[in-house]
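Encoded as structure tokens, the structure appears first; notes follow it.
Per-chain residue numbering starts at 1, and chain names A, B, C and D are given in the order in which the chains are listed.
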Amino acid sequence: MEKKKIIEFKGIRKVFPGVVALKGFDLAIYEKEILGLVGENGAGKSTLMKIMTGNYQPDGGQFLLRGQPIVLGGSMEAIEHGIGMVFQEGSILPNLTVTENLFLCHEKEFSKGWFISESAMVAEARKALEENGLDINPTTLCGNLSPAQRQMVEITRLLWLSRLYRHENPILILDEPTTVLLEKEIKTLFEILNRIKEHATVILISHRLEEIIENSDRIVVLKDGDYVTEMPGKAADIFKIEQLMVGRDMVEGYYRRNEQVDPTDTVVLEVKDLAIESILEPISFTLHKGEILALVGLIGSGKEELVKCLGGSMQATQGSIYRNGKRISIKQPKHAIAHAIGYIPIDRRIEGLATDLDIADNINMLVYKKLKSRGFINKRKERDNANHWMGVVKVKATSHRMKCGNLSGGNQQKVVLGKWLSADAEILIVDHPTRGIDVGAKDEIYHHIRQLAKQGKSMIIMCDTLEEDIGLCNRMLILKDGKKVNEVSCPPDAKPAPTDIIESIV
Amino acid sequence: MQKDGIGKQPAIKRIKGRVAGLPAISYALGMLVLFIVIFAVGSATFLTRYNMLTIGNSAAILLAVAMGQVFAILTGGIDLSVGGIMSLVSVVLMKTLEPLGFWAYWLSLAVGIAAGFLNGLINSRFRIPSFITTLGSNGIFMSIAYMISIKPLSAPSSSFGVLDIVNGTTLGIRNIMLLGVLIFMLFFVIQRYTITGRNIMLLGSNEKMSWLSGVDIFKVRTIAFTLSGFGAALAGVMLASNLYSGYPTLGTVYILNSIASVVIGGTAMTGGAGGVLNTLVGVMVMSVINNGMNIIGIDVYAQQSFLGVLVIIAVAISFDRSKLSVIK
Amino acid sequence: MKKRGLLIIALAMLVLVTPLFAQGGKEAAASPTTLSIAIRTLTNPYQANYKVGADMLGELEGLPVVTLTCEGSSEKQLNDVRALVAKTNGNVVFMIDPNESPNVIPLARELDAAGVYWVSWWNKPEDVKVWDYKNWVSHISFDGISAGEFTAETLFKSFGYEGKIIALQGLLSNSIAQDRFVGLQNILKKHPKVQMVAFEAADWDRTIAYEKTRNMLVAHPDIKGIWAANDNMALGALEALRAVGRAGQVLVTGVDGTTEIYEAIKKGEAAATVYNDSTYQAGIGLAIALAAKNGELDVAKMPKDQRQFFAEATNVDINNVDEIMKGASSYDFENLFASFSRPMN
Amino acid sequence: MKTKNSRSLENISTLRSKVSASAVGKLYHSIPISGQIISLGIVALIFSLGTNGQFLHISNIMTVLGLSAIPMILCLAVHQVIILGAMDLSLEGIVAITAVSAGLLLKNSVTANDVGLWIIPIVMLIGGLAGLVNGLLNTKLRMPSFISTLGMSWTLFGVAIMISKGSSIPLRDLRFQKVIISEFLGIPTVFILAILLGLVLYIMQNKTKLGKHMYAIGGNEILAKQAGVKVDRIKISIFGLTGMIYGLAGLLLVARLNSSAARYGNNLLFPAMTAVAVGGVSLSGGVGGALNAVIGTIIVVALNNGLVLMQINPYMQSAVNGIVLISAVALTIDRNKIGIIK
């Protein structure tokens, strides 16, 4: 199918002091396609996006929009030219209504004289939402929407804007759109994106290659600020792409399967008839020393709530938990920690790290008691402990006093891991360990998980994809609608096929 | 890689870059030195021993309040009740000085700590913003002080001996200054070398994470406000001893002054950054400005304006913007 | 990080400690004595007139004048006094209106140590005696009780000693406020048919007095008079009466003697005030201290009546308001104890 | 996503969800200031019991409304800045400087000036300029507003003292006081003025671009900027507008007392802040509006009125105020909207 080029980069080049972010390459983006853009952190994806949205100006080469060379001065100018970006962290204001968010800064379209016509705004909002097949009340506060709904509102906003500026073919850039979404919501998102594709170009950036492959028409691989190759979507091979991104063969097979060990017979945690009113029906299971247990299920299956009960950030309404055979009660996270149960949350920046503080502060926060001498925290012990665990989990940083906010996602995750290891957590609940992390770092995280299991730590994991779950775990627990429906064993040599499992999930 | 880039920059830019890279406290310190130089040039008497002792004396009291205040601010809150606590403590001290002698000090400190604890409790247990909690409790503490004594209480001359423990001098330095140094060291150690201090920093920078990591946020918040009450109590005791008196409006002026000192030192009002060391410098800046204005003879009508302008300049220079994306 | 912190502390300490061991830079010994008044604020005409009196004496004697205001902070007052003693190397005399009465103790001890002569006005705890200190020349006050008594008496007379009144107190913790209120209560006892139905504290402030009076007038619309502990509050109460259309029918009284209240007295809206001449207070206070400094007064040999005493205040009502408004044509700062009214125990 | 909230928040939110399910709950939630109305009701109930109904007598209600006018105008001013998520402590300084200017420019007994009605634009200009400086310090110099406005307050208060030499200036122009005292249909005119101002601000907040953007900034400044909101310009204009309203309040204060002095600015800030908080405007920004400011002020003024009527000992009034402030906020604060309590 012959498509028109909508964006063209010619020898595009961007240099930062000391670093060449884009080495000068050609790339064309076509009308009415979904383009998947993949690459490791630092490969140049975000620099390229920022040139498109006018936040950076290229140092060399040309950026052609609809055939015309153009230099954009900022995101507003980009929007006026029909280029909109949905940011990873979202840009919806929680204290405004959907309508107000949709038309923020374009209220004048609805004003009569000095005043804005609220009813005209709501009507237009309803129309715009319906066009994208969204069932959202335009007068609700965005703070009450789910993350997915907020993202949809954002997309609706961008589409509405490009129409406002009379662009038949808007360009929509989505940076890690699925990070905050649940499986079902992701499905809806891509349904909508596929519908939008009929009259727009969508550029997709994600670390989740599966969804890129599944949804993109074309995949472009970047590495070290340079164009590597491109391939049609759908048919692409995930391992192939990863190799291209990392630039070397993925070592020793994926998910480090060969490092998997069999768990011992010792039961470290036993859950008996644990239930949460109207969310989770009574569930019982055991966790062995050195075992990796995956919890699998859709949203609403109750798995998220289940681990929250174990981590102490939520309370079960009935049932009991036994640790090494002794009954324990977990009412708050500190109780879980007291029983050496650690919870590594999905949202690192909000729940896992103090990004304003340095690495040492973050790694040591649970173990200050151990770092005391004569009643006071000892700076030397503090430094040694931080450096020790930084070494163990291989955090790449100049010093233990580096601010965590300045680390990459992978390194941040390693700091969180280091923090719990330092606290001697026997049982780790790992909520989406590899979310938002690039391929190279992912592999390291897998390695750490394996090493921990070998050392006798037990883990409950919930992963981004079913493949990852299967690949990592010794055993998986499948939940559906608040009930345990199946338990599948996953020995290294006889991993079940994802298709078999999906049947029981859905 | 970075080196190459910098090497090409002109000298002025390089210096600018270096200056920008300094921690906020060095700006505050630089400003302190600047003010001292200005006042010293303005009046030959500024740098005399007697005047330094005077500055030290007032700095010690402000330091004690500000040391407490900074813990409240580090958690992201604010303590507007330090004035009420100081007043209440001063009244309690004067009332009990004669029967209890030296023990009156301990009683007064206990009252202040209890008051701070109450703030913490209301703030953390009932989840009421500290601005409201402490604004309200300030009035309550003042009323209690009024109930104890409507009249200003003066120290009975029989107990001057006890008060002179605070007012006396050791090796030519006022005891109150030595007390100030001790208080600084105490709070410095609490912030840097105790688990509570670390937890306060954690709480201020990320509350949710702190809770998930097993920090008892209720307890830590309560402790932070208790420490603030403790600082205010110390200041109340020092001030009351200094003035040989106690009355229900004694501490009022210290509310805004303590907050201003904390911010001038470079601690962010949003919490989690800055701390005791910064506040020491902030307190010094405030005390030096207050004293220097009189020393160099600023017209009394203009002093209030002069102070306001200097505070604005001080914060414009010393405030640490690097950690904040939003200035509110 | 640690090293840098220590360095910073060391630097800060160094900056502050160095001068401690340096000898104070002595200014030329021949410089003239500074006259200084340490008062509360300049935001109130009564207090502001202190400055007028001090400047007047300064001009007369050809000496520099420094005004220190503490804006309600006792500690600032003490430190400002200290700072000025430092600045002048002790070549200074003070007239001080202490922020709160007990503050005279640290001031007395501090100035005794520095050998600086001073006179205080208004506030002093009863059990603190001036003669216990060698440099505290005199303490002078106006009699708050008699002021309260005079204004109350005049007010009651205006409505024939029968009816309800309301009262506005000054800052609660202030001893002058309490003295004047005692005066009011004394007169209330004398006239049992006069009833004080409500009283509020309005902190010497006109705005607060306005609001409190408005509220009290709702509960007690039938009052015959409003007693206030100073003019400012009386004027606030007067505006409140105006707002409900009763100015002139219900009279107010104050203390201080401001132009505004004189005009109200003339218009028949206020009954009385007591004129405390702060211009004179500052001038005579400084003159006494200066005399002690110059050796004209031997403090140790002064009779107790001159060390602490009540000064004559001028009671003002409709009869003498015109005369008072003309103002003092000149002030006599030569006769140091001319204003003596009665001794203070 | 209730589960993400911490423990005690969950208890409250379950309670809340139970309440909201009922019909009464729906009504409660459909009115933005229902919590505050209930608070006012409780205050009224207690005081009418304590004063044998005198509290609810029409003359007292009118007194309360009349007295609430100036604090209401101040609260309406300061709450705008608080919606932005910033803080404005310059209230007392700006009121002082405008009060003194008004005193010196109107017909008075100290100077020979008489600008007459021109005083209205003049005080608004002075206040507006001061507010503009606040805004510039906050946006262009990137200073936290808490401290920059505190410095401004000190500075302006000092200037007010300097130009008035600390004395009060009696007015000779009685027109303004007449307006203040007058009534319209039995309601104090000045209260109607304050309500009109509230209405204007309400319309501005809900019907104009400036208003919408103001809330966007209060919600999240960075995101608002990303969306194209001209953050600096709006912040500066709101600070300026707030200053203008302070100026107006300064003039009214002068008119009410028929004289002017720098100290008229004293003791106004904390009552205004209390009204803001009691009215339910979130101190962290983005939540609440003119309606909240109006009801908050009425609660605070009614409270002070009731304390006087009930003859509560003056020594105890600050304690009662404190307790009521804390409990009113405890009852009405919507902890879900505010998020982390600091």
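Criterion: contacts are C-beta pairs under 8 Å (C-beta built on N, C-alpha and C of every residue); 3 or more make two chains touch, one makes a residue touch a chain.
Source: prediction; values computed, not measured.
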Tell me which has more C-beta contacts between its two chains, C-D or B-D.
B-D
Nearest whole angstrom, what separates the Cα centre of chain C from the Cα centre of chain D?
34
Per the C-alpha centroid definition, the whole-Å distance linking chain B and chain D comes out as 29
Centroid spacing, where centroids are CA-atom means, of chain A and chain D in whole angstrom:
44
Hunt down the residues of chain D that sit against at least two other chains at once, touch-wise.
6, 161, 165-166, 315
Multi-chain contact residues (two or more partners), chain B
146, 150, 208, 211, 301, 303-304
Identify all positions of chain A at which a residue touches two or more other chains, and write them in rising order.
313, 332
Interchain contacts, given as pairs of chains that touch
A-B, A-D, B-C, B-D, C-D
Can you tell me which positions in chain B touch chain C when the two form their complex?
23, 25-26, 29, 32-33, 36, 43-45, 47-58, 61, 94, 146, 150-157, 167, 172-173, 239, 242-250, 252-253, 277, 280-281, 284, 290-291, 294-295, 297, 300-301, 303-304
Touching residues of chain D toward chain B in the complex: what are they?
6, 8-9, 84-87, 89, 93, 137-139, 141-148, 150-159, 161-162, 165-166, 221-222, 270, 273-274, 277, 283, 285, 315-326, 329-330, 333, 335, 338, 340-342
Residues of chain C touching chain B in their complex?
4-5, 8-9, 11-12, 15-16, 19-25, 27, 42, 51, 66-69, 71-76, 78-80, 82-89, 100-103, 105-106, 125, 127-128, 171-175, 178
Within their complex, chain A touches chain D through residues 75-76, 79, 87, 90-96, 100, 104-105, 107-108, 111, 114-116, 118, 143, 146, 304-305, 308, 313-315, 331-332
Within the complex, chain C is touched by chain D residues 51, 54, 57, 59-60, 63, 66-67, 109, 161, 165-168, 170, 177, 180-181, 253, 256-259, 261-264, 266-268, 304-305, 308-309, 311, 314-315
